[in-house]
Amino acid sequence: MSAPLVEVSAISRSYAMRSGMFGRAAAVHAVDGVSLTIAKGETLGLVGESGSGKSTTGRIVLGLEPPDRGEVRFDGKPMAAPGTPAWRAQRARMQMIFQDPLGALDRRLPVAAQIREPLDIHGIGTPADREARVRELLRAVELTPAHDARYPGALSGGQRQRIVLARALATKPDFLVCDEPVSALDVSIQAQVVNLLCDLQAQLSLTLLFISHDLRVVRQISNVVAVMYLGRIVEIGSADDLFARPEHPYTQALVSASPAPGRRSAGRIVLAGDPPNPAARPQGCAFHPRCPRAIARCKSEVPALAAVGGDRQVACHLVTGAETRDAA
Amino acid sequence: MMGRYFAIRIGRAALTIVLVVTFAFVVLRLSGDPALMILGPEAPSEVLAAFRKAWGLDDPIWFQYLDYFGAIAKGELGRSMRDGRPAIELVLERIPATLALTLPAFAFKVALGVPAGIYAALHRGSAIDRAVMMTAVAGFTVPSFVLALILVLVFAVQLGWLPSGGQDSWRHAILPIATLSLGGAAVLARFTRSAMLEVLGQPYIRTASAKGVPWRKVVTSHALPNAAIPSVTILGFMVGTLIAGAVVVESVFAWPGVGRLLVVAVANRDLAVVQCILLLVAMTMVTSNLIVDFLYGFLDPRLRTKGAHA
Amino acid sequence: MVTPLVSIQDLRVAFGGVSVLRGVDITLQQGEALGLVGESGSGKSVTWLAALGLLPRHAQISGSVRLEGREILGAPAAELDHVRGGRIAMIFQDPASALNPVLTIRRQLCEALALHRDLQGNAVKAEARRLLDLVGIPDAGRRLEAYPHEFSGGQVQRIMIAMALAGNPDVLIADEPTTALDATIQAQILELLSTVRREFGMAMVLISHDLGVVAENCDRVAVMYAGRIVEEAPANQLFADPVHPYAQGLIGALPPLDGPRRRLTAIPGTVPDPAKMPEGCAFAPRCALAAEPCGHAAPTLAPIANDRSVACIRAEASRRALLGIAAE
C-alpha cells in the first residue's frame, strides 16, 4: 500500500441548532471523532443515511469547514490556514463535485468559460494553453468540442455532471471529493459517469473520497468503504469484503436493504424506528435503539472502532467484545 | 408553544411603537427649538427662557423624552398651530369621514378581488382569466389620482350622474369609494390568483384528487385554506391603510377626512397635527401587522408547533 | 378468460402537441403486483395519472382505460371520484408535500373514509385510528390530531398508505413510494406495502426507477422507454434473461453488490427529447444492436412466449424463426 495522501485524525464538528424558532439551542454532533486515511490513487467510499455526517466529513477533509477538534493532513502536511497562499496552493490540488450539477454551474456562462475559470483563477498557463486545456478536458470527459459554447441549461443531467467534472480536473488535482455525484442521474447515465470516473482515476492516478448513500455505486468505485452512523464510523474495510460479509448490525441491515434484481429477499433485515436524529443522539452505541441484537452494554458504553482481523475495523460490542462474542 | 408565539409578537409590536415614538421625538427636537419656532426669532431672551421653563424645555433631554412618552400615553399630542385646539381632537373628528370611505372600499376590494383571483386561477388561460388579469394590471398601474380624474370626467362631467366632490350625501361617497376599491381589488385579484395557482400546483392537491375528493371540495377544503396564508399578508397591509390610505382620493374629491387634514397640515407646517396623524398611522400599521401574525399562527400549524418534532 | 381488473389500451398522452405517452397497453389482474420501471420521462407515472384523470386539463389523452370492463377514461367526474380512492388508490413520491400542511391527519384520513365507506360519527374516527395503527404509527389515537410536519418522511408515507387503504381499494398505485427515503426506511415501507397488499388482497402497481425494488416486490414487470412499453415479463425471467436491448442495458448498468466487479455496460447517449422523437424504434439511436430496419417503423409489443412480450424487431425475427416462418 502506498503512502497516504489524506490523513484524517479524530475530527469532530458540532453545530448549534435551534429546535424551532425560539427553542433552546442544542449541540448537534455532525461528526464525532472520525479518523480515515486514503492512500494515493485509491478511493475511499463513505456510505450512510441522511444525518450520518458523511457530507460534513467531506467538507472538513476538503478544508471547506474547520473541524472543532482533530486534524486533516494532506500529503503529509497539515491543512494551511484559509486564505493564505499555501492554502490556495493546497486547494488547487483538491477539488469537489456535488450531487446537483446545475446548482454548481453558472447558467449564464457557456460551459467552456466555466471549465477555464479555475485556470484563470490560479493563473495557470497562457491564454492559448488554457484554450487547449479546455479542449483536452472536454475530450477527457467524453464530450465533443461542440459542447463548449453551450449553456448549462441546454445540456442533460449527465452532460452537466461531466462539465462539473472537467472543471474540477482543470487544475490537475490529486484529490477529488465526490458528494453523491450520480444520485440525481438515471441508471443508464449513472453508469456512464461511474465508468468515466473509474477511467479518469486510473489515467490521472486520482485519489477519491466518494460519498454516497448508494451501496452499489460505492462498491463499484471504492477500494475501501467506511460506513457512518450518526457522525461516527461504525465499520470500515475493503469494499468487496465489507459488502460480502458485513459485521456491524447496521451495515448488515444496509446491505440487506439494498434490493437486487434476481435475488428475492430471503430474511431481509428491516430495522425498526425512524432515521436517527443527530440532535438527539442516544447514549452508548448510537445505533442501539434500532439494533435487533442490542445488549445491555450497548445502552451505556460507546463501542470503539477496533480491528477484527484483516483490514476490517468494527465499532460494535457484539463483534469486538471478547466475552460477548464467546457467549453469542 | 402557541402562547410563546403570540407573546413574542406582541413584544415586537410594542417595541415598534416605542421606536416610532422615539423617532417622532427625535425628529421633533431636530426640527429646531420649539421656543424659537413658536415665539419667533425676534422674541426677547427673557421671554424665551420663561417659555422654555414653562414647557420644560430646559429639563435634561432624557427627562423630556420620558415626559413625551407620558404625554402620548395620555393622548396629549400638542395643539394645532392654526386654531389652538388639541391635535388629537382634530384628527379624531376626521376619522369617521375617512372610515366612511375606506371601510366600504375595503369590503368591495375583498368582495371583488378575492373571487376574481380565485376564479382566474381555477380557469387559468381562459378568456375570463386573461380579462381579469388585464383589468388587474390596468388597475394597479393607473395611479389613483388619474383613476379619480377619469371617474370624475365620465360620471360627473360627462354623464352628470354623480357629484365631483364634497360630502353632502351618500352619493358624494360613490366616486371616492370606487376609486379606492378598483385599485385595491386589482392588487388583491392578482395576489389571490398567484397564491391560488401556487397551491393548486402542490402535490397535496393531487393527493386529495387521487383519494376521490370532488374537485369543488378540493378547492374549498384543501386549496383555499392554504392560499389564505399568503393572502392574509396583503389583507393586513390593506387594513393598515384604512386610516391614511385615502390621502390622494380625499384631496381630489374634497372629502374632509384624515388624509385631507394631513395634506393641509403639511402645507401649513402644523407640526402637532402631522405628528399626531403619523403616530396614529404607525399604530394602525403595527396593530394590523399584529393581527396578521395572529392569523398566521391560526392558519398555519407549522408556525405554531415548529420544531416540536425535528 | 376472466375480465382483467384494469385494462389499458393504446393510451396516448400529449402536452401541447408533444407526445409523452405513445400507445401503452397494460392489463392488471386481481391481486397481482405489477412493476413499472423506466428512467425519468419514460411515461411510467403519466400512464396512471392519465388513467385516473389526474393530469392537468391541457393534457390531450386518448385510448381506453377499463376497470372491470367499464370505461373510465373520460368518465363523468362523479364516477371518477368514486373510482379514485375507492377502487384505485394512489400514493406518491415526495412525502414532505403529499399531505395538506394545514389539516390534521385525522381530517385527511376521515375525509377519505367519509367518501368511500358507509361509516357514521365515532366509527369514522375509530376506523382512522385503526388504520394508523395498522400502518405502524405508534400512539395512533394521539397522533391523529397532529399535523403532517410533525411526522418524519417515512411516517408520512405510512400515513399516505393508511389513507390509500381507507377506501378499501382493489388496486394501489405506488408511484416511486420510497425514492425520497433512506435505505433502511425504504425497506420498512416496502415491507409494509407487501403486508397490506396480502392482507387486503389488493393488486399493486409499483412504479420505480429502481430495478431492485421492482424485482423484489413484483410478480410481473413492464419496462418503459420513451412513452412505450418495450418489454414485459415475469419479474424473475426479466432480470435473469432480458430480451430487449434497453432492458439488457438497464440491468447491465446496475452495479452488482456481490461477486466480481465488472465494468458497467452503460447505455450510450441520452433519452430522446419527446419533441424530437426519432423515426422508428425510439431506442435505436442508443442501441448497440440497431440495424437499418429499426429506423423505419416502431416495433409493436408482441408476445415471444406465453407470458412475455417484447417490442423489438430482433425479438420479432427470433420469434418468427421459432415458429418456423422465414424472417424475410
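As written, the chain order gives the labels A, B and C, with residue 1 at the start of each chain.
Criterion: a contact is a pair of C-beta atoms (placed from the backbone, for glycine too) under 8 Å apart; a residue touches a chain by one contact, two chains touch by 3 or more.
This one's a predicted model, so the numbers in the text were calculated from it and none came from an experiment.
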Item to check | Chain whose mean Cα position lies farthest from subunit A | outcome: B
Checklist entry - Max contacts between which two chains? => result A-C
Item to check | Centroid distance [mean C-alpha coordinates] between subunit C and subunit A, Å | outcome: 32
Checklist entry - If you average the CA atoms of subunit B and of subunit C, how many Å lie between those two points? => result 53
Checklist outcome for this item: Each of the following residues of subunit A touches two or more other chains, namely none
Item to check | In subunit C, residues with contacts to at least two other chains | outcome: 152
Item to check | Touching two or more other chains - residue numbers and ranges from subunit B | outcome: 305-306, 308
Item to check | Contact footprint of subunit C on subunit B as seen in their complex | outcome: 125, 202-204, 206-215, 221-222, 225-226, 229, 299-302, 305-306, 308-309
Next on the checklist: Under the stated contact criterion, what part of subunit C meets subunit A in this complex?
Outcome noted: 39-40, 152, 154-155, 182-188, 190-191, 209-217, 236, 239-240, 249-258, 261, 263-268, 270-271
Item to check | Complex interface listing, subunit C residues touching subunit B | outcome: 52, 54, 58, 77-78, 81-86, 89-90, 92, 94, 97-104, 111-112, 115-116, 147, 149-152, 160, 163-164, 166-167
Checklist entry - For the complex, which residues does subunit A have touching subunit C? => result 49-50, 156, 158-159, 186-192, 194-195, 198, 213, 215-217, 219-220, 240, 243-244, 253-265, 268-272, 274-275, 290
